[in-house]
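Presented sequentially are two complexes of chain A, the first with chain B as partner and the second with chain C.
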Partner chain A sequence: MALDFAFLLDFRWVLLKGLWTTLQFVTLALVIGLVWGFVLSLFRTSSNWVIYSLSTIYVEFFRGTPVLIQLFWIFFCLPLFLDVNLSDFTSVVIALSLYSGAITSESFRAALKSIESSQHDACIALGLPPTVRTLFVILPQAVLRAIPNLLSNVVSLFKESALVSAVGMADLMYVGQNIANNVARPVEILTAVALIYFAIGFPLTRAVSFVEARLLKVVKA
Partner chain B sequence: MAFVEINNLIKRYGSLTIFDGFDLTMSSTDRLVLIGPSGCGKSTLLRCMMGLEDIAGGTISLGGDPYITGAERGKMTLDKTVQKEVGMVFQHYTLFPHLSVLGNLCLAPMRSRGMGKSDAQDKAMELLKRFGLGDRAKFYPSQLSGGQKQRVAIARALMLDPKLMLFDEVTSALDPELVKEVEQTMMELAEAGMPMMIVTHDMHFARNIATQVVFQERGKVIEAAAPNDLFGNPKQDRTRDFLKNVLNIEG
Partner chain C sequence: MNYDFSWFHVERAFPTLLEGLWVTLELTLWANIIGLVLGFIVAIGMMSKIKVITWPLTLYIEFFRCTPALIQLVWFFFCVPILFNVWWSAQFMGLLALGLNLAAFNSEAYRAAIQAIPESHTDASTALGLNGLQRIFFVILPQALLLAMPVLITNGIGIFQQSALVALISVEDLMYQGRYLSSQTFRPIETLTLVALMYFAVSFPVSLTVTYLERRTKRLLAT
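Here is the complex of A and B:
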């Protein structure tokens, strides 16, 4: 089989546009998921039974079901329930934010739990009121400890975002498949798309290792 | 009236009883060292005095004020204004790893005592210089040796002008060559007249710093005496056995 990558140059702008769409909704979902995830992690460490249970069910549900089904559900079922018309882009951002919030909350929760009880002892011995304890001692350490995990989540979500092509969202994956079908050259096109994902994903994974090594030095006193 | 007074203290962890009616007094000129086999409740006693443990009965008083009163059911009552007059240093430093040395010292005075930033920093620098740590103010705990960390922890507690300092095995986690600098810092505090309660396994240091040594076993005071009497001429068989054991291991 003769491979010809040269023709891809004709499609470079379409592919880049697909990548741009991917980056847009992934970034939005990450930012919303980060805030939502932090709130969820606080809910999940709450002593209020109702708040704890509801947030736990939510998190376990989103962690325990395929992202693809979550996407389909938000795309096709949610508009029926709410009787609204959501744009594709909005639906994708909602679906991925809900999912990424559930994943993120677990990273925050693990970080909160990893803070030694002796830190709480020290706060009491220094007479720090509970709000000061949370804001100035526990929260900064939890965020620092969660950063490596949060970055891993970024990489995962970026890769899993290719699933949105299944609901007809014109992301990088969808554009690639379209071109492949039109020009009947799936090998070259899918290879190129994989390489584009890799070009973004690989530096991200390297960044995770780098940050992890440096942060752990600071946090483990 | 004694400076520190512990009356009929009861402390349990689930079904395990640590103290079942424990009494102890200390005067404001005392440096009381608690010794005894591990698991006898020495550290638990200091933690109770700091208000870190919920006690099931008895009272703990400072300067005549009973600031902790145990309750068999429900939570003990704790007077936070008196609790603030007690400072504590722990075995594992418990510095805040995300804050610099200066940040560690200034957090509590600024955030819970309403001290201004420049006042707090001035006071912190003064203390750090006094402990030979003036050049470490901008360092993070992870960049310090164990001995330096522990001296920072002592300085952090002193920022709040405690009337009583509790030291819970503060040299136990240190490499032998770092023990001395921490012990010297404590000796300096002792000379400045700070009342202290100290839990340690270092009998030599106990003898040097104490005005009063308490030998404790299974949640009871077995013998309390001046250091020379307790180490030189213990009255109780169990004190003698304990000292023979630890001094053999150490020697």
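Here is the complex of A and C:
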């Protein structure tokens, strides 16, 4: 069949609007997930076993089930559970944030664990109080080491965000499928949507590898 | 909350859910077979010095790694029949997309593992008079595969979770059956929770195994 990409220009604003919605979801979920993930990682190093096991179950559950089912669960079940009306936008942001928090907490935890015990010993030998030790010695190193993982979480969240189209949010994926159904030209439109995703996902992935390589030098030095 | 739980419908439909789980597991298995074999071939291809080989492979890897799995699936489902004039079942299309996606991620895992083998091993092989093939098959690869294993299994279980997406192109997997059931019975909480637990029941033991294996391989390679 003859391919004709020219008609896509008519839809450029709709596609851009879809992309904008996607980016909104991703940004919101990222910011909330970053804070929530940090709190979770502290919970998971807690010596209180109730806090420890609850947070562990939470993280394992969100990492061990498909994001799609999480999305559906929050979208259909949470309002019933809490007896409140959540707007579609809110439920989607909640679902993505809860997921993002779970994967972020793992990055933080791995970074915290990677700090050698000699650092703790050195702090004690220098007579630093625990708060100074945590805030000025452990935390800066942990955050530095967590950065590559956190960035690659951004990429995965960006990709997972396409799922929100399944619950009818008008993101890039949804808009693309909608146009494809309407004009009956799936090849052109879906390829274009894939390329738009790629145009954002690829530089992000490259940035992750770049930052990772730079940080390795800093940490080693 | 005031919600009356009713497990009646879910209990009655449990065999259907199990059928869905079976489809999901089948998809996961085949996607993993494609991913492990094709991923390996791609990783070997990427080591070539010939640009004509590495360029298309890089494009393939980057494309599958940098776009959502959903668009890959939908693209295969709608565009492959039109472009290539073939009419395969939705399940097969889904499998193809998942398999190619996994192969792209696995090839990176293989490559990272091969690169992680210290240069000194190559030197030692040369010093011992091993030829190129012997070096690759008896020195580099055994270690690299051991190193790559945890990542490969993690990717494999990742594709188990991603396989839920095929429900959106109407493959009757666990997710599809769960969604269908929840809208048929108006019991989203019971069905969707059960479906989530079923996914979890499969992936959690595997991820525990990965943690265990990671610790083992670290010890093995350290000695």
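Definition applied: the second predicted complex is superposed on the first by the 220 of 221 C-alpha atoms of A that agree within 3 Å, B and C clash if a C-alpha of one lies under 4 Å from a C-alpha of the other, contacts with A are read in each partner's own complex, and residues count from 1 in each chain.
Rule of thumb we're sticking to: a contact is a pair of C-beta atoms (placed from the backbone, for glycine too) under 8 Å apart; a residue touches a chain by one contact, two chains touch by 3 or more.
Being a predicted model, the structure only gives us computed values, none of them experimental.
Superposition of the two structures on chain A shows chain C fitting alongside chain B with no clash. Contacts of A:Tyr197 after superposition: chain C is touched, whereas chain B is not reached.
Shared-chain residue A:Pro186: touches chain C; no touch with chain B. Of the two partners chain B and chain C, it is C that touches the larger number of chain A residues.
In the superposition on chain A, contact is made by A:Phe136 with chain B only, not with chain C.
Shared-chain residue A:Ala125: touches chain B; no touch with chain C. Once chain A of one complex is fitted onto chain A of the other, the partner contacts of A:Ile69 are limited to chain C, with no touch recorded for chain B. When the two complexes are overlaid on their common chain A, residue A:Arg214 makes contact with neither chain B nor chain C. Legend: residue contacts after superposition of the two complexes on their common chain; A:Lys113 is shown touching neither chain B nor chain C. In this overlay, which is a superposition and not a single complex, chain B and chain C have their closest Cα atoms 20 Å apart.
Chain A has no residue lying at the interface with chain B in one structure and with chain C in the other. Interface of chain C with chain A (complex): residues 1-3, 62-63, 65-72, 74-75, 78-79, 82-83, 161-165, 167-168, 175, 178-179, 182, 188-189, 192-193, 195-196, 199-200, 203-204, 207.
Chain A contributes residues 116, 118-119, 121-122, 124-129, 132, 136-137, 140-141, 144, 217-221 to its touches with chain B in the complex.
Across the interface of their complex, chain C is touched by residues 1, 60-61, 63-70, 72-73, 76-77, 80-83, 155, 158-163, 165-166, 173, 176-177, 180, 186-187, 190-191, 193-194, 197-198, 201-202, 204-205 of chain A. In the complex of the two chains, the chain B residues touching chain A come out as 47, 50-52, 80, 83-84, 86-88, 90, 92-98, 107-108, 111-113, 140-142, 149, 156-157, 160.
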